[in-house]
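Sharing a structure with you now.
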Amino acid sequence: MVIGDYTVDQVIEKAQTLIEAMPYIKKFQGKTVVVKYGGSAMLDENLKYNVIKDVAMLKLVGMKPVIVHGGGKEISKWVEKVGKEAEFINGLRVTDAETMEIAEMVLGKVNKSLVSLMQKIGLKAVGISGKDGGMFTVKKKFPGGKDIGYVGEITNVDTSILTSLIEDDFIPVIAPIGVDENYEDYNINADDAACAVATALEAEKLVFLTDIEGVFIDPTDKSTLISEMDIHEAKDIIEKGVVGGGMLPKLNNCIAAMENGVSRVHILDGRLQHCLLLEFFTQKGIGTAILKEPLF
Amino acid sequence: MVIGDYTVDQVIEKAQTLIEAMPYIKKFQGKTVVVKYGGSAMLDENLKYNVIKDVAMLKLVGMKPVIVHGGGKEISKWVEKVGKEAEFINGLRVTDAETMEIAEMVLGKVNKSLVSLMQKIGLKAVGISGKDGGMFTVKKKFPGGKDIGYVGEITNVDTSILTSLIEDDFIPVIAPIGVDENYEDYNINADDAACAVATALEAEKLVFLTDIEGVFIDPTDKSTLISEMDIHEAKDIIEKGVVGGGMLPKLNNCIAAMENGVSRVHILDGRLQHCLLLEFFTQKGIGTAILKEPLF
Amino acid sequence: MVIGDYTVDQVIEKAQTLIEAMPYIKKFQGKTVVVKYGGSAMLDENLKYNVIKDVAMLKLVGMKPVIVHGGGKEISKWVEKVGKEAEFINGLRVTDAETMEIAEMVLGKVNKSLVSLMQKIGLKAVGISGKDGGMFTVKKKFPGGKDIGYVGEITNVDTSILTSLIEDDFIPVIAPIGVDENYEDYNINADDAACAVATALEAEKLVFLTDIEGVFIDPTDKSTLISEMDIHEAKDIIEKGVVGGGMLPKLNNCIAAMENGVSRVHILDGRLQHCLLLEFFTQKGIGTAILKEPLF
Amino acid sequence: MVIGDYTVDQVIEKAQTLIEAMPYIKKFQGKTVVVKYGGSAMLDENLKYNVIKDVAMLKLVGMKPVIVHGGGKEISKWVEKVGKEAEFINGLRVTDAETMEIAEMVLGKVNKSLVSLMQKIGLKAVGISGKDGGMFTVKKKFPGGKDIGYVGEITNVDTSILTSLIEDDFIPVIAPIGVDENYEDYNINADDAACAVATALEAEKLVFLTDIEGVFIDPTDKSTLISEMDIHEAKDIIEKGVVGGGMLPKLNNCIAAMENGVSRVHILDGRLQHCLLLEFFTQKGIGTAILKEPLF
Amino acid sequence: MVIGDYTVDQVIEKAQTLIEAMPYIKKFQGKTVVVKYGGSAMLDENLKYNVIKDVAMLKLVGMKPVIVHGGGKEISKWVEKVGKEAEFINGLRVTDAETMEIAEMVLGKVNKSLVSLMQKIGLKAVGISGKDGGMFTVKKKFPGGKDIGYVGEITNVDTSILTSLIEDDFIPVIAPIGVDENYEDYNINADDAACAVATALEAEKLVFLTDIEGVFIDPTDKSTLISEMDIHEAKDIIEKGVVGGGMLPKLNNCIAAMENGVSRVHILDGRLQHCLLLEFFTQKGIGTAILKEPLF
Amino acid sequence: MVIGDYTVDQVIEKAQTLIEAMPYIKKFQGKTVVVKYGGSAMLDENLKYNVIKDVAMLKLVGMKPVIVHGGGKEISKWVEKVGKEAEFINGLRVTDAETMEIAEMVLGKVNKSLVSLMQKIGLKAVGISGKDGGMFTVKKKFPGGKDIGYVGEITNVDTSILTSLIEDDFIPVIAPIGVDENYEDYNINADDAACAVATALEAEKLVFLTDIEGVFIDPTDKSTLISEMDIHEAKDIIEKGVVGGGMLPKLNNCIAAMENGVSRVHILDGRLQHCLLLEFFTQKGIGTAILKEPLF
């Protein structure tokens, strides 16, 4: 017997895939999930489309996704367009007033372009920055004691606008901009913003879509990928100096988030198609998970 | 790369199966679906388990399933057990007072056993008969003018107990028993009961789980299965005398239900694993569908 | 002057009867009342009708009645009907798998017949067993260390289905069947079930309709009826060996219920017409009451 | 057997009186009932106590009573106390400014005294006049074309304060005072006020407690009491000149109320103990009823 | 340029007055404010109109005003009208049964006349006394050990009728009458009643409209007005014997109210036009304020 | 007497200004008011601050303001900054893909800067564009039949995001960007967007803050300002060719809005301090009003 283009065995396999997803859907239904969206997954149109489809699926089966995005490469492009040179100290962009202005404009553009893509796919999305509803209060960062301009760290998250949007079934899409107590604008690292939002919302999950496959004990040896660890193991790894580069602050962020109420954090390779769905709905997830306790 | 027991391609295919289900989930979310559950699918433990799993999936992604079941073979078994002989006229059981008592007891047992299985799988289920909350009012049937005892047809459905259970997230499981205006007990044909419930609830879908693969133009030729027809075509087939046996009253029921507000009716082969899921979540469904209009 | 068939004095006396009921209605309005319904009051059609009328009155003036029933004699009748012999150890029915099946079927029949009678009188009633909504979880009983089959004691009551029905103005009618952790079926003593339900619902009152007039210090001397006692006196009586037979476990149940939040327990003679109303609405109640504190 | 001070038969009779009241309670539960309270029933302390008890019973079993009272004899007493002479034209009090002031003060006193008595019995009552919440708007009456001062007829009822009190479970007690468009004070006939309130609230019943036993075809012959009539019969009686005196305007009021949505009107003898309860809860009521259709 | 009758500068000044009021509106929005209304402000028609306008403004911008009024001079007038002589001991009226009756009638008249004026201006007002909804329970006062009749002090405030009216957007207007445990009527000092109400409602503000400009260190020297003090200073002043006359009990009342949850108390000169608005909406208020902490 | 820095007469005048505002506050409480914010009022920091203060006052006294802003001059500045030349046809900006990108970025920046200023003043504001929640659907404009690129006109407004924000007490601040059916970005004239929003929300008022004092019959003669006109007069003026320039489309917009449910439209000079407050809260407003009917 043949059903449409498939054999009976094929369609039954499809049904079983759905059945397999059941305990995961049940587990996360009604839960808030914060996704830090950046890197290649935001630049490649096909990957972008797949990520949004995945978010749509999470929403459809009853989760409450919140997106926090960055905009790194686009900012540099526009800084150059107006004849300035991009400058970095300790991996952080030196941000004078004009750069800040450009950063906000570019993040705004990226923000609305994501919203528009989500609407196109049938999601209800609203793009906001940390200024809206007074969401992010920040203070200036002095990395290594240096003043690098309008780069801030979040000191408070007012979740009222988020709660309001989520309750009315909108997906919030957040650009990492905030103001200090004098209402001066500041740029915020998107990973930091995602952590702060996840913590403030007491999210069930915080997912980082990155350009690497996860945390490796030896980055040159793919077989040393760590699939799962708890907070203690994560701290251990940091102490032993195993991880470095961009992964170090990310891992510190993960630990902080979990110590403040987030139940699990995932570092996924955004370049893998449907990585979000695979993470949520299959028993053997992908990337690196930091867990308080085993899922089942 | 390998993820758990699967290759990357396999897991991506799994993700795509979920993505494929999205438009169907969206279409039926929040909708009432009445499932007439009978035949082999109710006798074989493995099929039973699969049907309940499918119902669980429908509930999990936001539909409102209602189950109506029969109990035919079990009733005969118990009638014999107390030393009576089963007698049928025009395919309807001749039902004296003692047979009626046994029928109600057996349907009650089947009802609670289904409820218990559903609870075991994690569903919240409540078993009721048409007596509860005064749900079914019936009048005596006189098939071919003959009095065959306590066999009734439904004249009114009071949906208040169904609405109450559905709103509180329980799945109603219904045994087809009712009372007439003098509160005498009557046995009801389960197909009829399913139709009456679907009509009263203005259900989106009414599904019959049967022991045949669908409606055939020529039952001896599997290639003549009708996948889809509208009401007019269904009436046409009846007039032409194409269908007969148990399928004729079922088809008449389908037509009546659709003329009273049900949007689509399906006749599925309950012996096919996960037939419910396949029907709901794949483009090319199975069995025979009677539709008002195409799904997409 | 004459009003209808009555003299003025007679109608004024009627009005005074209503006025007398006022403080009792006020006292119990909005309160949950669990009635264990069994014995003669369930077998005699006239008594049955009177009990249901009384329940209707309680509901009408704003109480929330819940009925728990047994089915003892009917079960034995059907066990014999299929050619088995009833066997009892320590007053508990030895319950093999087939007996269990019959017990569930008979209790189901009794359950729906009560529901139907209540509907007939104008009440909204729904019949459930401990399987519905996973209400009763049980474990096997070993009376005197003996395995007598599927006889269970309640270890947990999930009140969600009860609350749901009560809030929507239905009267729950409960058959004492439950499942253990492996979803095996068990028969439960109806007195035990009534106690467990009253405790779980934090009922205001638990009433046992029995075939005796109350608790006597000397059962052979009607003048030794105890109208009222508190928990300490009840315990005292048990210790002194004053009560025995079926009354002993009932009294133990009463004490347990009151130690778990039920405010008062009554043992009434169900053979007395309108015994429920008399108990609720007249100053000098009937039967034996076990109270925490005086009513007024 | 003896229960308290009663024989078993006596207590069963009591229970049956409660059971008899059931269909009437059911019929009127949740319904608004306006009681015009005046005459002897308001002067005799014992009758007063009985009327309030009756109102309490109506409230307790779920009705929504509203009281409108007069104050006739008390007003005359106080008018004389300050050295004025009471003057009447066509049965209406000639009301100059000072008389108006006294009327309002006396009605206020009567109003609060009723409230206080109701509170004492355990009811939640609030005394208002037509000025509160702008309830009554009136225009001056010119009986027979004559200006008799501050005597008004109601042109509008703003029910917002009544609805607010009723919803919060208070019984409104209304003094028949209102203002015209210039916010001048006016006295209103209490019968008129009761009719206007019943009409505006679309009350189920409007009851007049009076000093006569009902409407008689021949007032000198008690046997000619009319127990029940419909609107047409009521109009007929008026046309034929059968009724006169204070009954004529009352009857006209009744007819007007029923033509504007009130379902039934009763004229009762307030001097008969518990007349309200007898009217509501016994099959053969007392006094004269004007009905749209038979009660059962 | 000229706008209507004003120059541009004048209209801008008007706008700035509104802007100046903003922080005060914001501060008190949603807060309960109890106003003791008495003295000249209640007798002069123009002042009365201005006070009500002010109350309307408070309500309009979102506060919840509650009015408590007295009726002193009117009571004496009516006492004399019926030929009695007013008698005072320690400033309290000797109140026999007839005087009590007159007091209640007069306060009722004053009450409804205030309500009517408020309705005229567009406010929704309801006049109640302490008898309504059982609001005030009192006990007899024995000033200096003497029995001066029906003069009571409040021992309990049941706020349910107040809450009910306030939630439905009515302004309660309260006459200071109450009953003791035997439901005997008592007259209450209006200042005492205002304090009791403010305390029971946990009001934000309690304002006394009086006939003096505030508290003076030396009443003969206007320059010694105390604009602001805290509780300690208020107690200090009392101890030092600075204040006397009617101000002493008022001040004691203020202190008691603040020790029971009221945040600030004001003593204003009701003879000053719009004194309420000036107090609420300008930085430098008028009269004497007793504060827990500075407003901004 | 002196109160703070003012004489008694001055403070009473202040109070009277508040009292004068009462009928206007009452009239507009709970009503939606759309403010098109552009021109000088958006460039001058002092005027900006005053406009926002005025909006805060409207919100505080219970209105529901919605802001729609433009960004004209800033867009040109940034277009030049990246080395492009601004080009206009028929007063509309020729908008190629790059210009569109810049326009969106600049409007985003202006949007968030307004939001931030409002938050600073204590308002809860959220900045959105027509992409958020799929608010604006547009189609390409062909002014005079010419294709001038990404300039669109609104064909549909989905108000769900606006309703959601307003209900949760946020002030929506809207940038006039939208997408067509293919989700291409388009720039929208801010006046058009304000009209479309006011129409879709059935706003009570639509206010244009402009750089002129209103509509003049003869723009060279200030004395010919039209204070008030109805739709017919507005159409008349257009037909007679009295108005031209930017005022013509604005006037057409006003007429369209009023024909679609907006009750009144105002054209105000945003350069006048507190122009919004003056318009709302004084009898003789400023600028030009187009009304359906007189305000009082």
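Going in written order, the chains are labelled A, B, C, D, E and F, and every chain counts its residues from 1.
Here is the rule we use: contacts are C-beta pairs under 8 Å (C-beta built on N, C-alpha and C of every residue); 3 or more make two chains touch, one makes a residue touch a chain.
Remember, predicted model here, so these are calculated numbers, not experimental data.
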**Item:** Touching both subunit C and subunit F (chains)
**Value:** none
**Message:** Which chains sit in contact with both members of the pair subunit E and subunit F?
**Reply:** none
**Request:** Averaging each chain's C-alpha atoms to get its centre, pick out the one most distant from subunit B.
**Result:** E
**Message:** Just the number, please: Cα centre separation of subunit B and subunit E in whole Å.
**Reply:** 71
**Message:** Nearest whole angstrom, what separates the Cα centre of subunit A from the Cα centre of subunit F?
**Reply:** 37
**Rounded Å distance, subunit B centre to subunit F centre (Cα mean)** = 58
**Complete:** Listed in rising order, subunit E residues that touch 2 or more other chains are none
**Item:** Chain contact graph, described as a line, ring, star, complete graph or other shape
**Value:** ring
**Asked** Touching subunit C in the complex: which residues of subunit D?
**Response** 3-6, 8, 11-12, 14-22, 25-26, 29, 53-54, 56-57, 60-62, 122, 272-274, 277-278, 281-284, 286
**Prompt:** Residues of subunit E touching subunit D in their complex?
**Reply:** 78, 81-82, 101, 104-106, 108-109, 111-112, 115-117, 119-120, 124-129, 131-134, 160-161, 164-165, 168, 170, 177, 179, 183, 185
